[in-house]
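Shared between the two complexes below is subunit A, which has subunit B as its partner in the first and subunit C in the second.
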Partner chain A sequence: MSQIINTKRGRREQSGPYGKLGHALNELDDRMGVAKGGRTFLDKIFPDHWSFMLGEIALYSFVVLLATGIFLTLYYVPSQDLTTYTGSYLPLYGQKVTEAFASTVNLSFAVRAGLLMRQMHHWSCDIFIGAIVVHMGRVFFTGAFRKPRETNWVIGTTLLILAIVNGFLGYSLPDDLVSGTGIRIAYSIILSIPVVGSYVAFFLFGGNFPGTSILPRFFILHVLIIPLIILSLVGAHMVLLVRQKHTQFPGKGKTENNVVGTPMYPVFMAKTTGFMFVVAGATALLGAFAQINPIWQFGPYTASRISYAVQPDWYMGFLDGALRIFPAWSFHSFGYTIPLEVTIPAVIFPGILFNLVMAWPTIERKFTKDNEMHNLLDRPSNRPKRTSAGVAVAVLCSMLFIASSTDVIANFFHLSLNTVLWSMRILCIVMPVLAYPVTYKICREMQGFAGAGKRKTANIVTRTAEGEYVATPAPAYVDDLVHEHELEAVPVPTYVVDVDDEVSSGEGGVRRVPR
Partner chain B sequence: MKTRYRASFVAVVTLVVAGPVLGLAASAFASTNTYTRTPYQTGRANAGTPNSTNVVKNSSGTVVSYGNSAITYTAPSPSLATLGQSLFLENCASCHGTAANGVPANGTSGAFPNLVGLGPATIDFWIESGRMPAADPRAVQANRRVPRLSHSQALAIAAWVNSLSPSYPDIPSPNLASANVSDGAALFALNCAACHTIEGDGDALAAGTFAPSLRNIPAYQVVEAIRTGPGNMPRFTGNLSDFQVADIVKYVTTEIQHPQNPGGFGLGGLGPVAEGFVGLLLGVGLLALVGFWVGERQ
Partner chain C sequence: MSEHEQRTPVQLSTVSADDPRLQPAARRPELVEKVIAVTFLAGIALIAGFGAAYWVNAVPWVLGATFGGGLFLMGVGLIAWGKYLMPRGPFVEERHTLANTDEDRNAFAAAIVERGGGVVKRRKFLGGLLGAGMGIFGVVAAFPLVRSLGPLPKGTLFHTDWAKGTYLVDITGRRVHRDDLAVGSIVTVYPEGLENTDNGQAVDQTVLIRISNENYVTQKGRETWGPLGYIAYSKLCTHLGCPVGLYEQQLQLLVCPCHQSMFDVTNGAIPNFGPAPRPLPQLPLQFDSAGYLQSQADFNQPVGPGFWERS
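Take a look at the complex of A and B:
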């Protein structure tokens, strides 16, 4: 006769040492063998550095984008059919607007939390692409794209392009006065593609601009096709990351052949989960307190209307700036118009730029003849030529970005628009050319500077009996004294079994595993 | 037979040669007549000219006020003209000349506009928006500022300049009670947003000129600007009725000047420029700082 233990403790003991969750996981492992993959995942080592968190901002912004985006699709109507607006915003009451515009205004004003969701979605997009760019900068300047990670660099660049494209598509969906102008510009840019431009434009828009099918098509692209591609590429990005393991900055005990850091569980999981909520929370705060894209003020788009001072979202800014400042070179011959004023800045320039970015690992290898595997990161100042080239391109893009608001600058500082335009033309050429040697010089200076890259210690200010103040630097941080302390082995966490003790030593929860 | 042929030939030649001359002379006569009497920009009814629903004339037949239920245009009292002349000589004549014809006093250079025949609303707008007397006569475009002259002084100057060559439009006073803010929004997007921007903040135009902000402009001055077209601005007459102008004015004085800002702080109306800065600095910047706090710094 088995003894029936009907107490709380008894029931708990019956389900094993890890409780009901452990029991369920055991059942799952019996059937699918999740333990092996789960162990690899939970044991994945994350080298710890603050700059490695930048990519996570992008990842978690994408999560916020998906969540808020799904909410928006419940209320948005992807149709260009005309309807009469009869909602609560009086300045639009009775106007003929498209279903797309009416539904966006309605989801902002008539749906509970609709405006918050829409603003969060838009802010999240701005943050998403911003984080991608910053993350990309980190990867570039530290040389993390080098062999064996060129593929992931190309995937990342593709993700950036797709994110920009999808941002533009989403920005266009409300069909307000400002975004309609954006679609108009996009149509003209497509038209300017040599030979096939008009065919491609007519194919994409289902006829001449504006037509009635572009918004439904943009909608499918924006909510289905491109997000799916982004999602799968993000997956590939992550799988490659786990497969190739993280890069790390050089430091004590860190070599090309190991990864030093904290394991996924429990340390990094706590950090990264917390960080996800911080990203979502910051986005929610922006969505709640900072107005973005008040389409009700812009009104519906009709081809006869236009507003001045229209800029695209920031990530399209450098393209808009290039369009604005490019000289009006346009030729008419043999019955054809060759609009170089549009083709060069809006088609050829971004084409060259993104191809250059994608091909950079190959280009650099051609120059350096370096075919080794690299798992240790560079300090940017130790690779002055790469750093200078990257800064020059970043400066060019920043100048073009500033050029996208020539009118705002002219109006704000009471300058002539023509002066601002010509200044930006000159700055766009001069600044990148200046940026290269200046950055190069700074890098060389930093190489020779003892203690560069180390944390500065505080100055200890003491007052002598005579009243004189003397400042002396405090001693260096213990962590920075690389050669004085060797790594000490710490006990392997109890949940880790079958790990060779020789390689699983570390300090403060830091472990090393063979690559 | 031959004589008759000649006679008809001479008659035809005379008609061909003399006809256009006579016609031109007649039209010139007629046009000068029209100019002095009715310098309207439009024949449309209720569009800022005395061709309006409510016209009030005094005993001598001069139009005192005209308009309709949307806007009433009132002429400044001619009795103010004497005061107006002395104010004009004090404040305006150094550039516009003692006869208000744009010929400046000796020792002053530059081309200054002839004010004769511009109508009271034009004079009133430039003075009451503080643009005249000009802070810097050589500036490309005068800035709006605190007016130097009072309302009644502006009216007096307008009365005197108008007495030199009576003209229209008179000084408007809109009645926005029955104006439609929704129609106003649509008309604003169609007619005004191309320069003043859809949020009414104004923006830089070519070569140092700019469309001013509409955030702080009294209703009657909006009407004056629409009807007289100051500076680079087109003069909207025939294509906008007084009722449509009232709609626009209502939209400007309510939604443009006091926008409803659901969804948090309106970011200065600068649009994506401000949004980009907030998104990058506050959004990405703040999160990078959190990452800096969470991650290791060595």
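Take a look at the complex of A and C:
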């Protein structure tokens, strides 16, 4: 047995070739068996395409939301009890306001960095939902939702819905004039559900509007229940992502059976951590320089007061627009009422929209009868029907979003409200209907020249030295041509042979990676 | 053979140190290193600046600029480090099929269907009882949860606090006298005593308009509702319940700022523009002997947005 040599060198030799850290890792592996899985995880390959970054924006905005949100909970008081405002904002001094409103104004003005944190929280919510939508667009248009990833698509759609709901709940918490009006509208939308509407509304709000328990209930939903569900679903989203591995765009050396790109450790880890800082930093800069939701200017909520030209946060815009332009159709019969003017745009329409989005992988599989595994992404122009359908829905939502500012548009362009209202009604029907064939045509054009037959790629004709003409099909993707100089991808090396040491270290020359 | 010998030796990939994939992507790494160092230094300075700004309680934009700028620069530096100075690759990993062998799949299915399913099939009665018990538990557990959340609607949505002889008061609690409003004026009124309550504000809120100097009839059958040109409508929009807060005096319209529904004041507040389908309910008015305004009765219709039970 080797004797213990109590020198620096002796201790180093005893702890193995990887020193104290290596020793610690061995101890960990003895107990939890992490070496093999950990190594696989560190070698996980991330594709280099920029569009894979969109989901990261959503993830890191969520981190910012959690961090700033925890800060806000330390000062916010979820209570509708009345109090007299005596803080530093003079226009409100001495007014009777709710504890919720007073605490939100106080945390903005009296708490150090409070306003910054509040504005960051609001901005990162807008960024979070925006990033989710754009990320979904990428996944949709490239067909990344296909087998085996349908479950992750459904999880992602659920996350979007939860994010929108939680955004609305958080927007309501300050109890200012604008958000209170939003709650009033939400109450009326729930009320419009046939048969059970009034019961659901009474149970949710603890009685007729405004009730007394709505802020405490919204608070606990906003800070605990829904974030917990979002967090678990984000976890499931990530686990599935690692288990099923990333998709990738076709290109040199990229097949259905591999992933080419950057390893998790250390390259991707450096880039993604840096990106997290960039997202957080950009949010903080927005919070510093772009004012958002100045509730002290709106004043506290009073049910009989209202402000002009107020819009909800952007992600509620399409619903607000639908409510504005939907005709005043109401159903009264047999002693019952279905307020279709509310039920259709605010309950049935979003219900159909989100169900359609969730079910899309199944729907597409029904039509294409394609039950294969897909790890290589589609070029959107090569799937013209899917792309056109997606663009049509996106155009519809954009039109409805624009329709949520009919009054502002009318005011700004000096048009009559009637003109704007009818224009938006027509645009909301015509534009999606137009978007489909236009997108389809553009896709077909991008696939090659029209009328080039069913062949999707051109031939490259070359003349040999003997004068013979040879036609070879061009690569399906332009990238294949551009990146021809690119290196062949190899597995992440375990060991690096140092060139100088190769001879001296004898067999194989196994050395640690110096970098 | 011992267990140890059965293991296949692990294939460890080895790459030469001068392999191009291990080289940084930057053409001049020393220069990039300097740029990143400067970025980091600027980031550190800004983050330290945030500490100082926080210490002296600087204005919010200074806090945000130092905090955000610092994080942003550190992030940019780190991304550049990963992108330009670390091995540029590309590297590849194999994607193994997720599906297991038929044997494994069958074993899994058999365990569920035959082992577990068999047990249940043999004891259908017990299974049924267990299912029934769990079902009843679910209902019983949900009952207090849902039922105790709020009261039943019952008639709440059909009535307001207005009744025969209720005085109209403004937000300060002052009664409205017959001489108070000039023609063309508007004021929001509440039932006396409820002007500062949730229900008074959210449900009973009413707009009082003086439209002329004489009795005003907005619709047939409402001959006595508008004494001396005073008429009152519910302030709750019949679309989504926003306060109908804008009074367009020349066109005699009440306008809802939320979704631009417009109600014709002269004609029973029938909607003539926008998404609201029903007129605003009208409150019949009268004067007491001293000339103060009272309601004759409750509104002629349930106030606010539509709901199922409303006929």
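Operating definition for what follows: the second predicted complex is superposed on the first by the 419 of 515 C-alpha atoms of A that agree within 3 Å, B and C clash if a C-alpha of one lies under 4 Å from a C-alpha of the other, contacts with A are read in each partner's own complex, and residues count from 1 in each chain.
We adopt the following convention: contacts are C-beta pairs under 8 Å (C-beta built on N, C-alpha and C of every residue); 3 or more make two chains touch, one makes a residue touch a chain.
Given the structure is predicted, the values throughout are model-derived calculations rather than measurements.
**Student:** Regarding the shared-chain residue A:266, is it in contact with subunit B (first), subunit C (second), both, or neither?
**Tutor:** After superposing on A, A:266 lies in contact with subunit C but is clear of subunit B.
**Student:** For A:411 in the superposed arrangement: first (subunit B), second (subunit C), both or neither?
**Tutor:** First partner only, subunit B.
**Student:** For A:202, is the partner it touches subunit B (first), subunit C (second), both, or none of the two (neither)?
**Tutor:** After superposing on A, A:202 lies in contact with subunit C but is clear of subunit B.
**Student:** Quick one: is A:37 in contact with subunit B, with subunit C, with both, or with neither? Answer first, second, both or neither.
**Tutor:** Neither: A:37 stays clear of subunit B and subunit C.
**Student:** Pick one for A:22: touches subunit B only (first), subunit C only (second), both, or neither.
**Tutor:** Neither subunit B nor subunit C is touched by A:22.
**Student:** When the two structures are overlaid on chain A, which partner does A:275 contact: first (subunit B), second (subunit C), both, or neither?
**Tutor:** both
**Student:** With both complexes overlaid on chain A, does A:288 touch subunit B (first), subunit C (second), both or neither?
**Tutor:** The answer is both, since A:288 touches subunit B and subunit C.
**Student:** If we overlay the two complexes on their shared chain A, which of subunit B and subunit C does A:113 touch? Say first, second, both or neither.
**Tutor:** Touch status of A:113: second partner only.
**Student:** For A:148, is the partner it touches subunit B (first), subunit C (second), both, or none of the two (neither)?
**Tutor:** second
**Student:** With both structures placed on chain A, which of the two partners, subunit B or subunit C, ends up touching more residues of subunit A?
**Tutor:** Answer, by number of touched residues of subunit A: C.
**Student:** Considering each complex separately, which residues of subunit A are in contact with subunit B in the first and with subunit C in the second?
**Tutor:** 48, 115-116, 119, 271, 274-275, 278-279, 282-283, 286-289, 304-310, 406-407, 417-418
**Student:** Going by the contact rule at the top, pick out the subunit C residues touching subunit A in the complex.
**Tutor:** 12-22, 54, 57, 60-65, 67-83, 86-87, 89-95, 97-98, 146-147, 149-153, 156-157, 171, 188, 190, 198-199, 201-203, 205, 235, 239-243, 245-246, 257-261, 271, 273-278, 304-311
**Student:** Report the residues of subunit A in contact with subunit B in the complex, numbered from low to high.
**Tutor:** 48-54, 56-57, 89-95, 108-109, 115-116, 119, 123, 126-127, 130-131, 134, 177-178, 249, 251, 271, 274-275, 278-279, 282-283, 286-294, 296-299, 304-314, 317, 405-408, 410-411, 414-418, 420, 455, 479-480
**Student:** Which positions of subunit B touch subunit A when the two form their complex?
**Tutor:** Interface residues on the subunit B side: 140, 181-182, 184-186, 189-190, 193-199, 201-208, 210-211, 251, 254-255, 259-267, 270-273, 275-280, 282-284, 286-288, 290-298.
**Student:** Which residues of subunit A touch subunit C in the complex?
**Tutor:** It comes out as residues 43-45, 48, 112-113, 115-116, 119-120, 148, 181, 184-185, 187-189, 191-199, 201-213, 243-245, 253, 256-263, 266-271, 273-289, 302-310, 320, 323-330, 332, 335-339, 341-342, 373, 375, 406-407, 417-418, 421, 486-487, 489-499, 508, 510, 514-515.
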